[in-house]
């Protein structure tokens, strides 16, 4: 039989003004299982808490019900008090008689009655309570950062600087990401590579960072603090330890005309290549699809010229297995290309390019050495039309959202063009100018006022080619939707930013949820922007939604702090409010039938399959098992389970059923 | 092969040539076309500007008639009728309450199960597969395929072709041995319903279409809509007035182009009914516009 | 005649509606005393049998309330709950049990006033419907039968 | 029928399967289930309109599972039941050979259950017409009338649980009715206990019922309880667009959701 103490709080007059607290305490003392019942002015005060602690010892209580304010306010206070008096904290309950009773009702018999009903219900719950122990999980203090763009670089450096080991995985041959491709950055117009490359070098040289480029995450198992990750290190076709990065092979490779991914197909590269001169690591990779040797079996010029004999044609992919405590996803974004737009020629007009291509044209290290030359004939365009929101904010294209970065980079593009081609005309079609950010609006103003970029508010309905010109047909909505036609030499589409290729796959591997656009989903849009719903996996940069460099870097540092906090202790302590599959007496006797319909219900992928085997290794039963490291205690699986084989600690079937019965009991005893 | 056909008013009047050519190629490809019994007007533009229920009831009755007659697939050559019937079926299938209401109005059971085809879909399904063996002379012309608005829009409802750059007719022309040019006015508006009330607007809108097709060296404009045809063909005087030059590029239906390739004689295809004479055989392309002096553009060019 | 005072039980989730009801309190908005709140971690945890249990034990009405769609603290518990209630409602309707006895609502932690409205409206609605005698009769006949048999 | 017997014989002879579950002639002119392990006895197999029992109910029985690979005579409802059981990990798909029976009674060749999925996808699914007609009548009644109808019907139930035993989806080792901590379902067969049991059964089969009607046929008191689950099968289809037994993926109506599920009763 339980021995429960009831403590009714006056909360000054907050409760006692409308509730007859003495009567509640007196009636409560008559409830079955209640051995002690008092009222007091301020239960949460030190003397009030002492009252509880002493009663626990004096009456040898097995449960405590404090009738006072909302548990959201003082539940931790009284749990702590119980613990100090030697009572398991999860044996205490709060009856909310302030927010849910005294404050919302007038003084009356019914109000006192309700307060008592609430107390009685919580006494019922308390008598069904069981002692719970906080869950402790060990933590492997090594982080994995996926993606080596500016966000991944920042996150890796920040974590590494807290003294923890970091593995940085990047799928392309060099880190740097999109930022390495940019010409200059808004709103300061400083050179993108100049500010990024020192960071890239720092990553390569940091003693706490292990860098795997040309590598991808193969699989992820486990849970917060205890991930088991397999990384596929794709064959570079060379011995990285021997290679000095002299680059002789890349100059001698007979294949020279392969469109370069880094140059957004505007430039070329050999088959053995580093994506760009400042690549980190500065070790080339052989593109086997385009290499003469892999295609014909002959050539091997690179092997011949290599002074350190580092080329390995027979190299194979290797799988590395690592134990990881926390993961930061920083896989960035892609942009749509001009072939996404049938109305703008579906990619058939060479001089209709996307923003990233323009970055390469404007970049001093780009295919045109920073001269703005159009791709079709290398002429310097005298008139460029920039189209903002190409694809973005367009439900018909399936992209309802604003890509956020395009307003700014379009202004930058127009400005760069005007700086480089003084007699050129730059026209921008826009829907709205969204320049929220430090010095952003001023930057756009500068483009309009100082650099005379023509801004036209309206959409472009179609582009077609006529006599070597691109006819851009649009509307000017500020002039009564008057139609506008511009004969342009080149068109730059500020195409929508989208989730990077393969992000859906990666999300599924990581068990991270993602939105309809395949961007990774944060745990809470306001308060948990860098967490995911999967414990121990965090987000940085544009993989969550398109964002600019300052935001990406800030987010990366935020994610790094979350990782550092996780690594700050050896054990992870969690509230024991988790679901459990019954397995008493012994798992083979569990009532779980292993239908696993609970699996898709769990938002945290916490439900695993457990196979019970006989001595010969044959599976005799499969049942669900809840991973307590992952379970967050929502209890949706509990309500779904038909055989009532799952229960939620702290909110068990017995407790909830008891509460329902108790709450409806007849009036005062 | 038997298909239902809903001709609508145009095909029995101003677009008799279209009707004749549809039937002519159907016959040549062993497609039996059976008219939806006791059909009525689709309501066209007039109805949906006036009264929503009326604009849905008229097409719903046609579809209900088709269902009653057991016509599971019907072809609708007129793009306006096609649009109205598609829109109606879409709206009613997505709103059971409205569906019941309209069924009450037309006093017929409307299921919304008919498979509605536009003329190019019919060609794709039943003509193109047999075309190769039936072509007697290649339609080796350079043409501009003009789709207008109603065949491809609204995409949400029609789900047909790529609405910004449709290829349906272009593909048919290529099959016939012709060349479909890339041009800028494939899906622009011809002025459509304004043909009676605001002829000068039709002159301007259709004029831009005709001009672009002509200066890119097209020998004909190929259409699949009676409205487009009458605006580009019958309204040629207004177009010429707008352009300030006499344009003699003919406008033919896609079905007529097929008919010509199949060796069907011009009269059977109704080619003699056109306002702008069609002489595909001896057609000489005009000098490209760019080499001449440029005509004045009233649009705001900056 | 004395006004009928219905008994209502509210099953609410901890993160939205429970907190919303707290806000009603801190805002000192008054509402009817007929409702007793039971706290669940999430609407996803609420077993439909608990609703049936509430009726069997004398509730005239039940309120079920949680986070608005897309606001669930656990991402999707309320979506699963919504499907459960859609099915449950359909079943009750088919079995001839008035689904108006159960009031479902989404009340966020910021909707203190809405919670008061939901409670007041529900109490009025159930008061109009009167005591849930159909269900209580079943219970009564059950008890009688048990007594008879036992 | 000869095809069926021949195929069953081949499967047993080649040891592709160790057991064939089908129908045979029973007593009083009725068809009943038969379990054949001897290829020579496949001549017993029949299939005609009397074969209404959903044989899938046996697949999850310990005694049957014991045989490993099993062939089962599978008209549409059995096919759908198999798909549900596979999706709920109750039988292994590689252990089942479906001897499919077409709507015309002919033998269908199903090399794998994936082919069954494809076959089921092409067939219009729903409740048997006669049952649907009754459902339509019930749905046209007032709430009061329906309450009276069900009260009258369910009053007679004496909780023999034959409905549960007949249903291939009621395979739990421990049913909720057997829980007494807490006592979810009032144990006696009184109106409340009966109502609770049938509500529970109906909810547990929502999105999982394949409309075979075996629960109703099993009822010794002829209570039309199959109407409850059949109604829910239709409701689930209308509300969520899913039908049970169409896929081997775990996509049951109540264990999945769409963010834009439409309801009209939540305030």
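Labels A, B, C and D are assigned to the chains in the order they are written; within every chain, residues are numbered from 1.
One rule holds in what follows: a residue touches a chain if its C-beta (ideal position, glycine included) is under 8 Å from a C-beta of that chain, and two chains touch if they have at least 3 such contacts.
Nothing here was measured: the structure is a model prediction, and the numbers come from that model.
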Those chains which touch subunit D and also touch subunit C: A
Which of A-C and A-B has more C-beta contact pairs: A-C
Where subunit B and subunit C are represented by their mean Cα positions, the distance between them in whole Å: 59
Between subunit B and subunit D, centroid-to-centroid distance (C-alpha), Å: 52
Separation of mean Cα positions, subunit C and subunit A [Å, integer]: 36
Per-residue multi-chain contacts in subunit D, two or more chains: 176, 184, 254-256
Sites on subunit A at which at least two other chains make contact: 601, 640, 653, 657
Pairs of chains, among all present, that meet the touch criterion: A-B, A-C, A-D, C-D
Contacting residues of subunit A [partner subunit B, same complex]: 341-343, 346, 348, 396, 427, 454, 462, 464-467, 471, 473, 476, 482-487
Subunit B to subunit A touching residues, read off their complex: 155-156, 162-165, 182-185, 188, 212, 216, 290, 297, 299-302
Touching residues on subunit D, where the partner in the complex is subunit A: 88-90, 171-176, 179, 181-182, 184, 204, 250-252, 254-256
Residue numbers on subunit C that touch subunit D, as the complex places them: 48-49, 52-53, 56, 69-70, 76, 79-80, 82-91, 93-99, 103-106, 118, 121, 134, 138-139, 141-142, 145-146, 149
Complex contacts: residues of subunit A adjacent to subunit D: 591, 593-601, 622, 640, 642-645, 653-654, 657-658
